[in-house]
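In the two complexes below, chain A is the common chain; its partner is chain B in one and chain C in the other.
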Partner chain A sequence: MSEKKLKYVGTRPIRHDGVDKVLGKANFGADLNLPGMLHGKILRSPHAHAKIISINTAKAEALDGVLAVITGDDFPPPPSGKGSVEGPQDFGDMARNVMAREKALYTGHAIAAVAATTTRIAEIALKAIEVEYEVLEPVMTLERALAPDAPILHEEMRAKGEEPLPEGPTNVATRTVMGFGDVDEGFSSADVVVEREFTTETVHQGYIEPHAVVARSISDGRAEVYCCTQGQFMVRKYCSKVLDMDPTQIKVTASEIGGGFGGKTVVYAEPVSIVLARKSGRPVKIVMSREEVFIATGPTSGSHIRVKIGVKNDGTITAADATLNYEAGAFKGSPVMAGMMTIFSPYRMDHVRIEGFDVVVNKPKVAAYRAPGAPMAAFATEGVMDELASQLGMDPVDLRLVNAVKEGDTAAYGPKFKVHGFIDTLQAVKNHPHYKAPLGPNQGRGIACGFWFNAGMQSSANVILNEDGNATVVTGNPDIGGSRTSMALMAAEELGIPVDKIRPVVADTESVGYSDLTGGSRVTFATGMAVVEAAKDVVRQLRERAAQTWDVSVDDVEWRDGHAVAMNGHADDHEPLSVAALAGSAAKTGGPISGRASLNARGPGPGFATHICDVEVDKETGRVSVLRYTAVQDVGRAIHPSYVEGQMQGGAVQGIGWALNEAYMYDEKGKLQNPSFLDYRMPVASDMPMIDTVIVEVPNPTHPYGVRGVGETPIVPPLPAVAHAVNQATGVRFRSLPISPPRVLAALDD
Partner chain B sequence: MPLENEGEDWRMLDAQYISPRSVAEAVEALKGGGKDAMVLAGGTDLLVQARTGLRDPRLYVDLKRIPDLMALDISSKGLHLGASVPAAQIFENEDMKALYPGLTEAVDLIGSTQIQGRATVGGNLCNGSPAADTVPSLLVLEAICVIAGSEGERRVPASEFTTGPGETVLRPGEFLVRIEIPAPSKGAADAYLRFIPRTEMDIAVVGAAVSLTLDSSGCCEAASVALGAVAPTAILVEGAASALIGSTLDEAALERAGSAAYEAAQPIDDKRGTAEYRRRVASVLTQRSARMAAERARGRN
Partner chain C sequence: MAKTHVITEVNGEEAEFLCEPGQTLLETLRDELNLTGTKEGCGTGDCGACSVMLDGRLVCSCLVLSPEVDGRKLETIEGVADGEKLHPIQQKFLEHAALQCGVCTPGFVVATKALLEKNPDPTEEETRYWLAGNLCRCTGYDKIIRAVLDAAAELRGEA
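Showing the complex of A and B:
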């Protein structure tokens, strides 16, 4: 931890990319046009579950202006065996998701694609493709998927994990069990036990910018891809896996990105556009419509969760037990494991058992969504905690304070916690004027807590000192939350030059070292760490150049506020040298100066938050209005406080939307009924009060400036916080989301 | 016309567009364009429908350059509202707010600020949506629709204009020129409320318009109640109106009107709400709208 007073870190400069964005001049995914470029369109399955008997593309290929038509046959066989699975990604499944092979597994599944001189011709060509399907019963709910007579999505799938497992073909991909102690013993010593079931629906991240890509195939087999993504290196790797290419044959440039929230951490149209470009010999652009985004990209899981918690009369938890069922969509890989790992982690407990099922259904394969798996888990645990508090007659914050994990406590998923500020957030809530403010009729207040691990992982950075003394900071992470300016702030602090003299750049895959994607709230932490190291590398070189100029030992040169300063008795002989002076004379002292760092960052530091929500319920229409909302979070240290507050507000608003109105609505045939922002009801600005924020700073000891991940934690508490507020306003406990007006009105009748 | 590399906007580029300067020119243009021609006012529904492939006009006849269709005239006889007058111009008009507060509020509910610079009441009506926000207000204000076509001009009450979802009395080649609404009588006022789960950028789950005339003692002399989004078209609810007429708009009368609205509503279950939910909200909004209209009417006596 740096002890000195910080000059740039913690300030709020205007973002480097701000002017272009305000003027509408920033280039997003759909903004690139190349000479001779074609327009690609994807034919999508009208059925949620069907065997593909045949595809006839002859009529489409015969149309004037159509230069390529492709199906699954134009792709290499889906990867299998060694190297086909990496972490949560199964590249065989990914290949089948990008372009269906034997079966269509959700309405919207890609079946074929065309590239044509205009989008109109491409659309006409799609209609000319003849597909014969054998329509099967769709599996649209967890209940149906788990029924003994359920149709099976993947005949070859066998449940993996802890016994007992379903035998033979099944829709259960994995069953996982974790925990410690003896829950039966724990519950037997409890004074009060509450066990409840909770459900949530499929919800989408709702990023404003639809997926867009332009791909160009080069005659020697290489490909260049320009797209909106959370990770250019991820696109490179995933395309290489799906298309059986070497990663370095593919150059990926990330555009400016209009939101991702986890949804742009996989590939959809990118490999398709490469294959179309290769087959047509022309650059191909694919831009998804909003409907395609909803029906064919990854939302997050619908869930069913049972939680049982026992407490002593003083509130101490004696045991906790949970079963989580998460929908994975058409292919395995729901975030159920993250749900299991977060579900009890805010609380200390000696006896815990957590069981989770990853279940496939005929919906689009889920993708990451901001703290994947955690919000629905918190909805369940916090719901039971809220009910326990009221049964015990305890203040809900006090019940959390009795049980909150501290440094050194073992998390329910295994590891020991390092220093964090969970209790600080609870105390900040208790002391906040919001918590004590009076409520009017039909109004209620709820609080809830949330936990997210945050990620570290691999990052690279180059810091280039330019001849004018300004610096360029080059990283490989698309900026989805103001990270460029945060990088510049940390570099400014190290180099001692103003932040507006630093140009932060997100580079393509050929211009910076490998970097894992932007996600897991990791960029300001991990990539920031790489930037700090690279800047320190530059400072070391600057001190060397000064030492050389002065003919002193480098140990006699200190770096202070942007200047090399002679020390140890040399101070009187040499005026300090500024960055600009050293940069200007670099040619004479050994050439250009640049620093680099590549690392695998450990110790991201847990994120904890506690939120307060006030609502008013219109008991005649069932409408819930959020009146006041305060988000309190331990952020380690806020590098750019405005962007930290923005993350806390944005997470809260997404969570409120999830709680109140958002849900995928399918008909009985498995067709999505609301694939538009009109009927997929995300909140609009006027629905929300200003979200108040309280930044708690308990520095993370593993980061040079104390950073913890910030972006994901704030979506975890809102689901339960809203539900608890509605409970206080109405007396009804809502354990199924969304808490939409028709549901509220129906519940008030009961 | 070259097709290469025209990107996402091919439908606009591929189709013809004209902007006649008179009703007669527009009539001629539509006649020439046949069934592939469509009139374009604000375009806030039509262009979305064209983009999604729901409609595929080959000729757009833009009605925004015809002075008659862009005129908003208020006189002692009432309102003449040109079919292409944009929403923003209507709800920013102080006379509109004073004379037809319910209709003006309905206009203000349509779309976002950007959309309101283009969207029109005429288009809202001609689009034929059962959930159109301005239509219940037009019904309770006894609006008359003036239609032009090759056979000349004809007049149709707003209550007969929409015939089903997306369907109107307009015949091929006809278009709406203006809407005429009588001047409000002494002691009359209107109100419109809609229910949406959000606060804006949404489509009515239920809409309820009420127009009332109160005498100097506060007794209701005349009333009209209309509901949107609960039937294939917006509907006038005579039972609700008669529950209010003769009353002092006491709670009992309002409840009777609400019950009549509940009974008259014929909604469907869909993604925007269940049928039962819509019926109940129709009742609630009818009562709230009536209260609001009564409050305004009292201020006018």
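Showing the complex of A and C:
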């Protein structure tokens, strides 16, 4: 940890990409056009569950202006066997999600695609494609999916981890159990035990920019892709898997990205556009409509969670037990594991058992969504904690303080916690004026806590010193919320040059080393570490050049505030050399100066937050209005405090939307009834108050500036915080989200 | 199908284009006039990312048909700044960190300009209701509202 006073880190400069964005000059996914470009459109299944008997594209192909029509037959066989699964990704499933093969598994599943000279011709061509389906009963709920007579989505699916392994097929992809101690013994020593069930619906990330891609096929079978994504290297890898190409054959350039929240961490139209470009010989652009985004890109899981917690009269937890069922959508891979690993992690316990099921249903395959799996898990645990506090007659913050994990405690999922600021957030809440402010009639206040691991993973950075003494910082992570400026701030601190003399760049896959995608709240942490290392590499070279110029040992040169300074008795002989002077003379001292670093960052440091929410409930309409909201979070160190606050505020409001209004609504045939921003009701400006933030800084010892991930943790507490506030206002405990007006009215009528 | 000939004024300059009857103003701005600062978030008038001014009135350009703008005046995000000099609204959005991904920002800037031309001294509540047609998923609106109120104060000469 650097002890010196920081000059740039912790300041609030205007972001480097800001001017282009307020002028409308920044180029997002849909903003690129290429000469000769065609427009691609995707035919989507009108059925939630159907066998594809035949597809006839002849009439579409015959239309003037149609240059390519493709189906699953134009793709290589879906990967299987060795190399087809990597971590949570099954590339065989991914290939079938990108373009259906044997079955359509959700309304909106891609069946075929066309490329035409105009979007209108492409739309007409889609209507000319004849598809014969054998419609099957859709499986739209966890309950139906788990029923003994449920229709089966994947005939080959057997429940991994189920003992004994079922003989027949099932909709359960995986059963997982974790824990330690003996929960029966733990519960038998409890004074109070509360056991409750909670449900949440499918919700979407709701980024404002729909997915967009332009692909062109070039010589030697190579392809170039320009798209909005959270990871250009991810697109390269996933396209290479789905299309059986070498990654090096594909160049991916990430556009500016108009929001992702985890939703742009997989591929959808990217491989389709490459195949269309190859078949037509022309560049192909695909831009999804909002409806397509809702029906065919990853939302997050609907869930059913049972939580049982036992406590002593003093509040000490004796045991905790949970069963989590998460919908994966059409293919396995819900975030149930992350839900299990976070569900009890804020609290110390000796006896714990957690069981989780990953269940397939006829909905779009879920994708990551900001702290994937954790908000619904927190909704359940925090709901039980709130009820326990009320049964014990304890302040809800005090109940958390009794049980909060500290450094060295074992998390419910296994590892020991390193230093973190969870308790600091609880204390900050207790001391905040908001916590003690009076409430009016029909108003209530709730608090809730949230935990998220944060990620490290692989990142690369180049720091290039230019001849004018300014620097270019090149990384491979799309900037989704101001991270470029955080990179520049850390480089500025190391180099000792002003942050506006640094140009941070997000490079394509051929211009920087491999970097895992922007996600897991990892960029300012992990890519930041790479930037710091690369900048230190530059500083080392600058010291060497100064030593050479002065004919002294490099040990006699120190780097101080953007200057090489002679030390150890040489100070009187040599005036300090500025970075600009050293850069200007680089040709004479050995050539250009640049630094690089590639690393696999460990120790991201856990994120903890505690939120306070005040609501008022209109008992005539059932509407819940959020009156006041305070988010308190341990961020390690805020590199750019404005964007840290922005993450906390944005995450809180996304969580409030999830709590109060957002939900996928399907009809009995499995067709989504609300695939628009009018009917899928995300928070608007008039729904919200200001969101107060309290930044707690308990530095993460593994990062040179103490950074821990910030972006995801803030969506974890709002679901329960809102529910607890509504409980206080109405006397009713809502254990199913969303707490929408009809549900509130129905509950108040009971 | 025969195309319609349209002459309009965009950001103070005459613009001329041919369009199909069903072609939206948003498509024309982006694809014919290469004014890609105006964004498409939904295409159904629900998100405000495509906000432009049509004869001084704030509209969603995805809900306007291109032939409708014949003989009328348009102002888009590209016309808000005075050359290199940012409009105070744009400057305040930067100072307040009122954007994260930035895709909704052009629509918010145009909608804010429309608000402040009509009501130079809006309350927080009036600002929130005026901007309720512009969706932002990143910021939670806090910093946007602060930027707008600060820009209003500056334009009134109070800041």
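One rule holds in what follows: the second predicted complex is superposed on the first by the 745 of 750 C-alpha atoms of A that agree within 3 Å, B and C clash if a C-alpha of one lies under 4 Å from a C-alpha of the other, contacts with A are read in each partner's own complex, and residues count from 1 in each chain.
What we mean here is this: contacts are C-beta pairs under 8 Å (C-beta built on N, C-alpha and C of every residue); 3 or more make two chains touch, one makes a residue touch a chain.
Note that the structure is a prediction, hence the values are computed from the model and not measured.
Undergrad: Which partner, chain B or chain C, is in contact with more residues of chain A?
TA: With both complexes superposed on chain A, more residues of chain A are touched by C.
Undergrad: Contacts for A:I309 in the overlay, against chain B (first) and chain C (second): which applies, first, second, both or neither?
TA: A:I309: touches no partner chain.
Undergrad: With the two complexes superposed on chain A, say which partner A:I208 touches: chain B (first), chain C (second), both, or neither.
TA: After superposing on A, A:I208 lies in contact with chain C but is clear of chain B.
Undergrad: Would you sort A:S740 into first (chain B), second (chain C), both or neither based on which partner it touches?
TA: A:S740: touches chain B, not chain C.
Undergrad: Counting only touches as set out at the top, which of chain B and chain C does A:G24 meet: first, second, both, neither?
TA: second
Undergrad: In the overlay, answer first, second, both or neither for which of chain B and chain C A:R120 touches.
TA: both
Undergrad: A:V684 contacts which: chain B (first), chain C (second), both, neither?
TA: After superposing on A, A:V684 lies in contact with both chain B and chain C.
Undergrad: So, A:I317: does it touch chain B (first), chain C (second), both, or neither?
TA: After superposition on chain A, A:I317 lies in contact with neither partner.
Undergrad: By the touch definition at the top of the document, which applies to A:S642: first (chain B), second (chain C), both, or neither?
TA: second
Undergrad: Who does A:G65 touch here: chain B (first), chain C (second), both, or neither?
TA: First partner only.
Undergrad: With the touch criterion stated at the top, can you tell me which chain A residues are shared between the chain B interface and the chain C interface?
TA: 30, 33, 120, 287, 289, 677-678, 683-684, 686-687
Undergrad: What does chain A use to touch chain C in their complex?
TA: 12, 14-15, 17-19, 21-28, 30-31, 33, 120, 205-210, 256-261, 287, 289-290, 480-482, 640, 642-643, 645-647, 649-654, 676-678, 682-688, 690-691
Undergrad: Of all residues in chain B, which touch chain A in the complex?
TA: Touching chain A: residues 3-8, 10-11, 14, 52-53, 195, 197-203, 205, 270-274, 277, 280-281, 284 of chain B.
Undergrad: Note which residues of chain A are touching chain B in the complex, please.
TA: Result: residues 30, 33, 37, 39, 65, 117-121, 123, 287, 289, 291, 620-623, 660-661, 665, 673-674, 677-679, 681, 683-684, 686-687, 740-742, 745-746 of chain A touch chain B.
Undergrad: How about chain C: which of its residues touch chain A in the complex?
TA: These residues of chain C touch chain A: 20, 30-31, 35-44, 46-47, 49, 76-78, 80-81, 86, 90, 93-97, 99-106, 109, 124-125, 127-129, 131-146.
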